[in-house]
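Got a structure for you, written out below as structure tokens; questions coming shortly.
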Amino acid sequence: MALRTGDQYREGQSKIKHNLYINGNKVENLQDNPNTKTVLDANVKVFDLGLESQYDEIMNVVSPLIGGKVSRNVHPSHSAKDLEMRAEMAVLTSQKLGTCNYRCPGCDAMHATASATYEMDQKLNTEYHKRFIEWLKYIQKNDLAVSGGVMDVKGPRNLRPGEGDPDHYLRIAEKRPDGIVLRGARMHQSGAYAADETLLVPGVSPRPGEEPYAVACAVKNSQEGITYIAQYNAMSAEREFMGDNSKLGNPTYGQRETCLIVFDNVFVPWERVFMCGETEYAHKILLRFAKQHRMACGGSCKAGFIDLIIGATQVLTEYLGLDKAPAIRQQITEMIKVREISYGLAIAAAYRGEEEPKGSGFYLPNDTFGNAAKLNTCDGFWEVMKWAGDIAGGFTVTMPSEKELENPVTKPLVEKYLKTNASAKDRMRMTRFLQNWIAGLHGVGTWHGAGPRQNQMIMLYRDTDLEQKKQMAKALAELKD
Amino acid sequence: MALRTGDQYREGQSKIKHNLYINGNKVENLQDNPNTKTVLDANVKVFDLGLESQYDEIMNVVSPLIGGKVSRNVHPSHSAKDLEMRAEMAVLTSQKLGTCNYRCPGCDAMHATASATYEMDQKLNTEYHKRFIEWLKYIQKNDLAVSGGVMDVKGPRNLRPGEGDPDHYLRIAEKRPDGIVLRGARMHQSGAYAADETLLVPGVSPRPGEEPYAVACAVKNSQEGITYIAQYNAMSAEREFMGDNSKLGNPTYGQRETCLIVFDNVFVPWERVFMCGETEYAHKILLRFAKQHRMACGGSCKAGFIDLIIGATQVLTEYLGLDKAPAIRQQITEMIKVREISYGLAIAAAYRGEEEPKGSGFYLPNDTFGNAAKLNTCDGFWEVMKWAGDIAGGFTVTMPSEKELENPVTKPLVEKYLKTNASAKDRMRMTRFLQNWIAGLHGVGTWHGAGPRQNQMIMLYRDTDLEQKKQMAKALAELKD
Amino acid sequence: MALRTGDQYREGQSKIKHNLYINGNKVENLQDNPNTKTVLDANVKVFDLGLESQYDEIMNVVSPLIGGKVSRNVHPSHSAKDLEMRAEMAVLTSQKLGTCNYRCPGCDAMHATASATYEMDQKLNTEYHKRFIEWLKYIQKNDLAVSGGVMDVKGPRNLRPGEGDPDHYLRIAEKRPDGIVLRGARMHQSGAYAADETLLVPGVSPRPGEEPYAVACAVKNSQEGITYIAQYNAMSAEREFMGDNSKLGNPTYGQRETCLIVFDNVFVPWERVFMCGETEYAHKILLRFAKQHRMACGGSCKAGFIDLIIGATQVLTEYLGLDKAPAIRQQITEMIKVREISYGLAIAAAYRGEEEPKGSGFYLPNDTFGNAAKLNTCDGFWEVMKWAGDIAGGFTVTMPSEKELENPVTKPLVEKYLKTNASAKDRMRMTRFLQNWIAGLHGVGTWHGAGPRQNQMIMLYRDTDLEQKKQMAKALAELKD
Amino acid sequence: MALRTGDQYREGQSKIKHNLYINGNKVENLQDNPNTKTVLDANVKVFDLGLESQYDEIMNVVSPLIGGKVSRNVHPSHSAKDLEMRAEMAVLTSQKLGTCNYRCPGCDAMHATASATYEMDQKLNTEYHKRFIEWLKYIQKNDLAVSGGVMDVKGPRNLRPGEGDPDHYLRIAEKRPDGIVLRGARMHQSGAYAADETLLVPGVSPRPGEEPYAVACAVKNSQEGITYIAQYNAMSAEREFMGDNSKLGNPTYGQRETCLIVFDNVFVPWERVFMCGETEYAHKILLRFAKQHRMACGGSCKAGFIDLIIGATQVLTEYLGLDKAPAIRQQITEMIKVREISYGLAIAAAYRGEEEPKGSGFYLPNDTFGNAAKLNTCDGFWEVMKWAGDIAGGFTVTMPSEKELENPVTKPLVEKYLKTNASAKDRMRMTRFLQNWIAGLHGVGTWHGAGPRQNQMIMLYRDTDLEQKKQMAKALAELKD
């Protein structure tokens, strides 16, 4: 089967009876709710980008599994070049959407699962990898949208899995002859309700004795027992009730929409189970997901977002007649610096990517550079928000509604007084776009996507060979060991 | 007349026919619109705080002008101690409101006007100070709420006043025997539509030849020719349409609400005109307003806001069982550091306040410490947001609607899966409160309130005696001059 | 007896047979060694500053103990105003010396000892305070230079006092009828070998069972059993061997000179013992010393140092013709910002100082503001170094010797090629002065003086009422407790 | 001819009669002066590293020019892989020397010259490239050490070349039939006096009319008219006079040694002249040098230095028993972060290197990533110094001389009291090593090597396509252009 168009994807979704709630209400058809519709539209755009010839190298790749062209979103990388294009895909979709490519975590979960199941089959004589590859071929052949599910709800953080409510971490509640039964919930799930399937991988490193929590498998959207509860905030309310998306910050694609997925005795047949109790490999799959996701989500995706912030800021700078001011250029350059460091480190992570495990054919990026990229993004994104707000001014948060331009009394006043080098309308439009970036959800979201800063710090420390550095210092200090 | 109660203030406002627009609609009674009502409620709270004996020293003072107790909001400081209490009032109202004390800019404009008009009367033989004192006595006697209006809309920033649209800076369009006629507009006006009066002072330093822009005067709420256009954003939409304020971030007092005020041939009688064309003093009044406002708004007010962020973060830390973790305590302490630096510098600015001009009886804070306080707040507030978001987690931006707790299907799921050491309900409530601070308007707003960072940098440079420092260095380097 | 002149102090020192070693050699007369001489000269300058009428209010005070004027260096503060002048003294001596006022830790140790011994006498019915006051009167009457000794050598940091070498923390080795015998060593002792006496206070908080480590007392310079071992580094070597101090960075007063003091069975008679085993009060004396020292050493002293760095940088900026460049002014302002924040917080700490314990008559600064001041200095001083180096350029570290100006071959070349708006000689002189600040010992020294950053972070956390902040947040979030 | 050994290089240098001055004295043989000897020794080490098989891929390459193996130090890169190995060489030599690979600027100047002369020959029909290649073959065949000379002394920065002293920028004073005559001086020249030759390229972008300043050429060490004046500072004095290098911070290789080179009518024959008046290409050669040097010197070299700082800090952490403390690990990780960001960006710059100009066969790294690497290093290196100083403690700047260990009186005291988990001797040795990094010349030196921060900021701004970013933002904001 060929790559799907956006419309084909949309049609596919319309056939699913979604078990989704938002703001206390049920949504069975994503098209019907202005907030869930943004996820649909974003996915449509990603499908359509794959059909534009100029983006072909970035968005698509010939799969060695099915021997034909597939979306890179469902392709675990087979080379460093693949990883580089994976990073570029993240930049591109961010630039084109201003929100998530909702297939991104799924793609990275595939990288981790391909690598870890290969190793399990080799070492434990399991059939996980074989099953995973079969499932993946099906996904590729049908060009399905797959989200990735990693983050457990956890409950109190000082409890291990199973110590509190046993369902606070996703678990195998029952093993049956034909498959397993899942219980638990995953949170922060980007656009999961608009995917065709979700690939679930461990979000914790279970220890021996915690085997029920070592699970990886694929589930179908809204299959029996699954409930989605969507995020909701001021931006959601505005989109739900304003009745005019064109006046919103990101009119078509909106916020990064996430949800809570509850698994209430969800049955998964064995051919869709890719890990079942192997705690050691749960740790590996988690680490490999993190490694991959820090490059893509932590590094390159955010470079695309920052491009939009820089672009909007520059537009406003020109509207305000400030684009020649040295102090302004300095701040623009500070934003560029953050962008290029994260992007460059993502590229370095890809370029230094390696086959893991050896012989598997699957590549993962360099962990150190990926962690460094994400660390730069964490603090840097807040810096970017800060400087953009500095330049764009207090108006970013004090602007009136664009609806004043439809009121005959206030229209002339707004047009006269909010005009700069651009019309009041254009200025308000671009300011609103920037507001969406710097006075909303993105600071916190960017920090925690691919894990909070401290996680990367810990990995960076672990990945460093301090002994070697000690020896270098001792050698030069002429200190006998 | 005694200090008014909140109810008396509210009743006063109900008698005004407001000429106010929000989201394209007119609002004549502030009580009728859920967004404008927050300003009313915040003002009510400030009036009521003034009647609580425990806050009497902070909120009130015996005015030497009328010989009785008045609200500190309408009292230009007569001592360093007054300035210190002015700073404490800002801390207190921030802690109690989680939004502006909307009388704050008016109070600081009074400080600047009292000082500059005194100097004008002394040096130019004018009657401005006499008029201002008369007006101020009237304000004090009637315990009126006065907002301050400083920031012109400006248009393209590379044009001087008068070079583009002449009305882009507030100006005297006509001098008449009985008064002046104002044209122009002021933006970022915090809660102006809920004040009884607005004290307008120059927001630019007009040069000789730009006399029409050197104007200070008092106007009444919604007097003929005045139109208010309120800010509007996602939080406004949510409050307007959700129909349940209890689920919002700051349920009662909401966002910092500002507006654009348009002056379309507004007549001001001479007894309310406190400057009319004296460009040199326009510069002075602006600098003195900035000096005062950086201590109060830039320094101490934000300390109160940060208290709320720290408090909410600490609550969530305990809910999540993370309050003993060293890394978490470190981040909490980073927030405390920002808070105490801004607060300490505000106190130092007050303590080192001086009578200005000598003999006037009016005190202004130390400019250097005030600028330092604001500079610390600018970068620091973003830091605080960053660390609070780090600790509170991605849930701050991915949480579902609290309305799920009213849906019988999702209620048990949410209660089970979002529970931590606290109930899902309490956790969601406090997370939503924090969301309001770190995923909304406050970063940009705090940066620009009392002027953006670069303004303080410029003042700091100007206020520094580099020659003295050069001499010290040369003396020690034993370098002959 | 009146305030001593610098010469009188110098003469006093010449009568002491110092038991001091530096670079492996013994120095009995401080005047004989170019490095130890700098400490003598710095102290002379501080004595002489006390006799200049313009500095009288800062440097001197009428002691309520002896009823006459004494140096503020030997005066525990009796009011907030005293504390403010104490802070100002630190600014002034830093500006005039470019190194330590070596009596500073002694002065702050007096503050802590006065306060804690008062409390001991009250609560424990001891005579420590009485003894301390008698000793202090003697110091004041004879205008002696007193250093303060706080920091134990400690050994491995994971061991408690007594767990490793018992002497790694200063301890009471023996109690005798006539006094105590000390063993141990103190490090980082600023200029101790040039003081008349040293006031020793606990540098650790001993627990019950660690009583020998709860000791405070006064010892005389080089009394039997005391050995001083001076610090030594490249700057020391240069001063020792170059034979021409005029070409050094700080020609007269040099580096901050410290030493290790070893106590090998040093006898201290009871009248000089101010604590002997009271572990609870050892903790209090340490905290109070820290509180006082963070204001003085951490906050205001470094403001004086930064003045010198700013001054030198500004001179070089003008030499290079860069003083009008916006980017340069911005960096100068960044340095000013650091300076004013630390200074302002020191002033706030003094102003909010309180009598401690109540009734004692002795004042200590506000702990929170003092810690905030020090925290700002820690990171800020490195920032200042960075920006000064940015502006002054690579020449700061690549400049040739000023001795080239005495070589007939290289003199004309240097004069021609290193000339800017100033002569090569002046440029080299001022660059060398700045080199001393930004390419030497000051970064690390400033960080650790008054304790490393983490100590202040811990205190800031402890001093904060998180419960109160939690309640504020809950109140606004309308969350029942 | 084969690669030279260190000894062969040393012998070569011994045959040169150096025209070098240091601290006012002439040094004809580098071996004779303890400071100049460090440069010799460092170069010897680099030659010897080239002969170690484990480093062969990094240190050497088969030159397409002479068809045999040459040192990478004299090889302009012919591929992205070459650039990557160039970056790795910088890491390696930094780790092994703790100071400059003094052939680094020469190597990068070769990159720029190869590229720009190729373009000149193509576009201007000159013979510069042909000459350069001939010279380079000679260098490669003889395995000579070549330094690079870029930075003019400049004089007042507000004057253009020629406006002040005409010699303040290196210039062609005369064109003769057989060659050109140089006048001027270059400063900050790393180890130039120990090179066999120096490749001079423009350090400024001369405009039309400033042709004499557009010059590139090669000169021989100490050829007629050349005088070297070495840097001198406290560390130089210490090494000169202490008579025991083993107790210095970097015992063998010392500081980064630079010098001023004066050109007093230096004749350069045409075959060694690679640019003579082509102002447009002077700009290009400068930019290309910067591009190359920011990757190598700004990015990867400093990663090697930071490795040494981390290593030393870790050693001391273990000596002090602090290596398990979470706060300490966090700081170590902060240092690692700085290291890996600079390194990763250098690798990304190399990997994204491109042939420039097309068809030339010569590769230069990606400019944006190189600038980003250097920017990270600028601020980051000071951060690293700060954290290392935090961990290693005040002892880093207060330690006594290691010579105390040779004095029978102080030896036992030092051994007893400065012992931790390591002997006092080992602790002092490693602390001294670290002192060299964090209390000396490196902060300023690292900032300015490859140009100060502001230069990179300017290039980053120039290299950014803001129009593209504006279009992206407008597209999403649905704003018509």
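Lettered A, B, C and D in written order, each chain numbered from 1.
Note that contacts are C-beta pairs under 8 Å (C-beta built on N, C-alpha and C of every residue); 3 or more make two chains touch, one makes a residue touch a chain.
Note that this is a predicted model, so its numbers are computed, not measured.
J.: Which chains contact both chain B and chain C?
T.: Expected: A, D.
J.: More C-beta pairs touching across which pair, A-C or A-D?
T.: Between A-D and A-C, contacts are more numerous in A-D.
J.: Using Cα averages as centroids, what's the distance between chain A and chain C in whole Å?
T.: 52
J.: Just the number, please: Cα centre separation of chain A and chain D in whole Å.
T.: 41
J.: What are the residue numbers in chain A that touch two or more other chains?
T.: If we look for residues of chain A contacting two or more partner chains, we find 327, 330.
J.: Touching residues of chain D toward chain A in the complex: what are they?
T.: Checking each residue of chain D against chain A gives 95-98, 246, 250-253, 307-312, 314-315, 329-330, 332-334, 336-337, 340-341, 344-345, 347-349, 351-352, 366, 368-369, 371-373, 375-376, 426, 429-430, 432-433, 457-458, 460-461, 464, 466, 468-474, 476-479.
J.: Which bits of chain B are touching chain D when the two form their complex?
T.: 326-327, 330
J.: Report the residues of chain D in contact with chain C in the complex, numbered from low to high.
T.: Residue list for chain D touching chain C: 21-26, 151, 153, 155-159, 165, 167-168, 185, 187-188, 227, 229-238, 240-242, 249, 258-260, 262, 264, 320-322, 324, 327, 379, 382-383, 385-386, 389-390, 392-401, 403-404, 406-407, 409-410, 413-414, 416-421, 435, 438-441, 443-445, 447-449, 452-454.
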